[in-house]
Amino acid sequence: MNKAYEASNPGGPHAAVTAQTGAPVLAAKGVHITLGGRKILQDIDLTIGEGEFVCVVGASGCGKTTLLRLLAGLYQPSEGSIRYRDKEMLKPRQDVAIIFQDYGKALLPWRTARGNVALALEAIGAPRATRDARIEELLAKVGLPGEADKYPNQMSGGMQQRLQIARSLAQNPSVLLMDEPFGALDAMTRQGLQDEVLSIARSTGATSFFVTHDLEEAIYLGDRVVGLLANPGRVAITLDVKLPRPRDQLTTREDPEFLRLRRELFDFIKKAEA
Amino acid sequence: MKPSRIAWFFASLLVACGFVMLWQYLSDARLVSPVFLPGPDRAWAALVRGITQGELGARWLGTIERMIYGWLLASFAGIVIGAFIGSSERARAYVGPMLELIRPLPASAVVPLAISLLGLSEAMVLTVIGFGALWPMLLSTVHGFAAVEPRLYEVSRALGLPQWKVILKIALPSSMPDIVAGMRLALTVSLILTVIGEMLASREGLGSHILISARSFRSADLFAGVILLGVTGYVSAMALTLAESRLLRWRESH
Amino acid sequence: MSGFATYDARGVVIPVGLIVLAEVAARVSGLQSDSLAAPSDVVVAGVEALLDGSMLIATYQTLGSALIGLSIGFGIGLALGVLLGMFRVLDHLLEVTIEAIRPIPSVALIPISLLVFGFGYRMEIAVVAFATLWPALILSRAAIAGVEPRLFEVARALQFGLLARIVKIVIPAALPRVFVALRLGIGISLIVGVTVEISANVIGVGHETMLAGQSLRPALMLAYLVWIGILGWGVNAAMLLAQKHLFGPAANMEARL
């Protein structure tokens, strides 16, 4: 841990492990991971509370995605442990959904939108009779009503990402893990989807973990923003975002607190790069 | 179909008719000896006579039956074995180089071995067809399974799909383009090996029909058989194209 | 094929294991068979056939007919493919004719060829030529059709004549894919050549294999089978190497028939 960054964070770095919002849902304790002989993450302690929205920022190569995969149970830590509620996370769980950045690869190209959502329902063994209604409901919820019979390659990038969100919601997740989900989308589509995700998180009460390299996006979405530093990846800054909800693309981004947090985060990144 | 496409089709049909007329002229004018080249009229007459009065229809059916049996056998075995090899990196490392080594071997080269093991029997013919058609099937299935997008395996892990469902719902449909391509090639190989098997083992079929016709200088019967083989090849390829466009509808985009 | 690691010691385990197993099984059981032989006997028979020249003569016959047939078939196919690729009208007009002849399995030509030419080189060459014409036609037509249209505009701007257009633009642009077609064609010519020899002709390695089987010499028959495999593999490997040296990664796309 670098002292300089701790100083910029009056609440203590990640000492405030337990979030303000509720009981811990996901927790990384003393996690190290080495992949291909390279130390990717070192000494990660992070606790995400019930219903909390945590965003992770950092330069590329700082291990954000690896951290998400650890929380998802796709990777196992070399040291330390990942816990989901009170159980150790040894493999992926159906109530922890992942939304990948590369929607083009994560959707089944041979299935229609309906079929892609159905995959998750088949996985959790939802009764056949209720599936169609559920699919319609989910597609409407993510803003894709009437697109059920389209194949992914007939949809725009934004629509495909919406579809991936619908599929993850079909799992009835209590946690949503999102890996730079809007990184490949244009600015307008991005803002629309940010609000979509916020409203989904609110209506389902899902705990959210959101990886991005866009600092403003992190502040706009999060209750808490965690900044990582690279080589090896480690938590360097934690900011609590006390902006009122529901958030709004115009007023929230003009809020003095938003600007202050943005400044703080930018300074942190600048110092880290220096 | 667009009107221009239909117009082109008829134009090219006319051209084809022109070629048939040229063929008729060549044989009528005796520019090529009728021993070698019967006119289309005689070939057609032999075809009709063979089917209505002779054994040609039964032989044709025999050929089709063998081709399809051998092809189905090879397709089934190829998909099952190919899926196993393709989805395991370790299996690929052990078996892959051997497959690559055997791949360029002409399937017909095993005919003498098959004859010496099984005699000039129906089983020999089917074995040769199945063996020959297995390779294209196997190699393309292996390729398809090895090329499944790794992200989709992560998606299935995240969804908690059990292994057999991953194969059924993810790997198999994802490999379908390769599998269909393999089945198409396997069908062509099946027809070729069926004809050879019939020629060598004198089984009731088009292969023996054309060989015997050639030996007894009945060129009209020979051409009738060749025409039927062409029709068989054409129809089977068409059927697969149709199946392919239905199975792989998702590949077309706007 | 891309799915396989190229050099990996694990790949040797199964073939070597199978050969050893066959040898042991043959020795232990004291194999006396008209159709199978111990691997060591196969090697001995193969070396003998190589040394007395019979295998080399047969190889020469097979490769000779395959190559001549390929030159004729590929030449015609390439010429037609370039023509049809450059002049779409011609392509449209010949569509039905081509689609009617192409599905005829090449082996159906064996009896016709036998009737016309009798046994020997010519009948084999004719069948090989017919078989190799189609991939050459289809793939070179596709290669030409795939030439960047901008290049044709360049050619027009430079006021090239037809010949100059073909020689300076079309052929160089389409060459890598045409070479892929040639590689496939060589493989097909060998396969078809051997097939003709097995099913009818009286020359070449295919015929020798058949003969050895009929005269109940399984070791020799299997030696020829292995030899045919080596020929097929060697030709394919040589062409792959040539393709890599001539065109580098540009030709790495695999064209399907």
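Note that the chains are named A, B and C in the order they appear, and that numbering of residues resets to 1 at the start of each chain.
Here is the rule we go by: contacts are C-beta pairs under 8 Å (C-beta built on N, C-alpha and C of every residue); 3 or more make two chains touch, one makes a residue touch a chain.
What you are looking at is a predicted structure, and each value in this text was computed from that prediction instead of being measured.
Peer 1: Could you tell me which chains make contact with chain A and chain C both?
Peer 2: B
Peer 1: Closest chain to the overall C-alpha centroid, by per-chain C-alpha centroid: which is it?
Peer 2: Taking the mean of all protein C-alpha atoms as reference, the closest chain is B.
Peer 1: Between B-C and A-B, name the chain pair that shares the greater number of C-beta pairs in contact.
Peer 2: Contact tally favours B-C.
Peer 1: Quick one: which chain's Cα centre is the longest way from chain B's?
Peer 2: It is A.
Peer 1: Measuring centre to centre with CA averages, how many angstrom lie between chain A and chain C?
Peer 2: Centre separation, chain A to chain C: 55 Å.
Peer 1: Centre to centre, by mean C-alpha position, how many angstrom separate chain B and chain C?
Peer 2: 18
Peer 1: Taking each chain's centre as the mean position of its Cα atoms, how many Å separate chain A from chain B?
Peer 2: 51
Peer 1: State the interface residues of chain B toward chain A in the complex, per the touch definition above.
Peer 2: Chain B residues touching chain A: 149, 151-152, 154-161, 165, 169-170, 173-174, 176, 248, 250-251, 253-254.
Peer 1: Considering only the defined contacts, which chain C positions touch chain B in the complex?
Peer 2: My answer: residues 1-5, 8, 10-15, 34-36, 92-97, 99-101, 103-112, 114-116, 187, 190-191, 194-195, 198-200, 206, 209-210, 212-214, 216, 218, 221-222, 225, 228-229, 232-233, 235-236, 256-257.
Peer 1: What residues on chain A touch chain B, complex-wise?
Peer 2: That would be residues 72, 74, 91-94, 96-98, 100, 102, 105-106, 108-112, 119-120, 122-124, 151, 153-154, 171 of chain A.
Peer 1: Quick check: in the complex, which residue numbers of chain B touch chain C?
Peer 2: Answer in residue numbers: 8-9, 11-13, 15-16, 19, 35-36, 86, 90, 92-113, 115-117, 139, 142-143, 146-147, 181, 185, 188, 191-192, 195-196, 199-200, 206-207, 210-211, 213-215, 217, 219, 222-223, 225-226, 229-234, 237.
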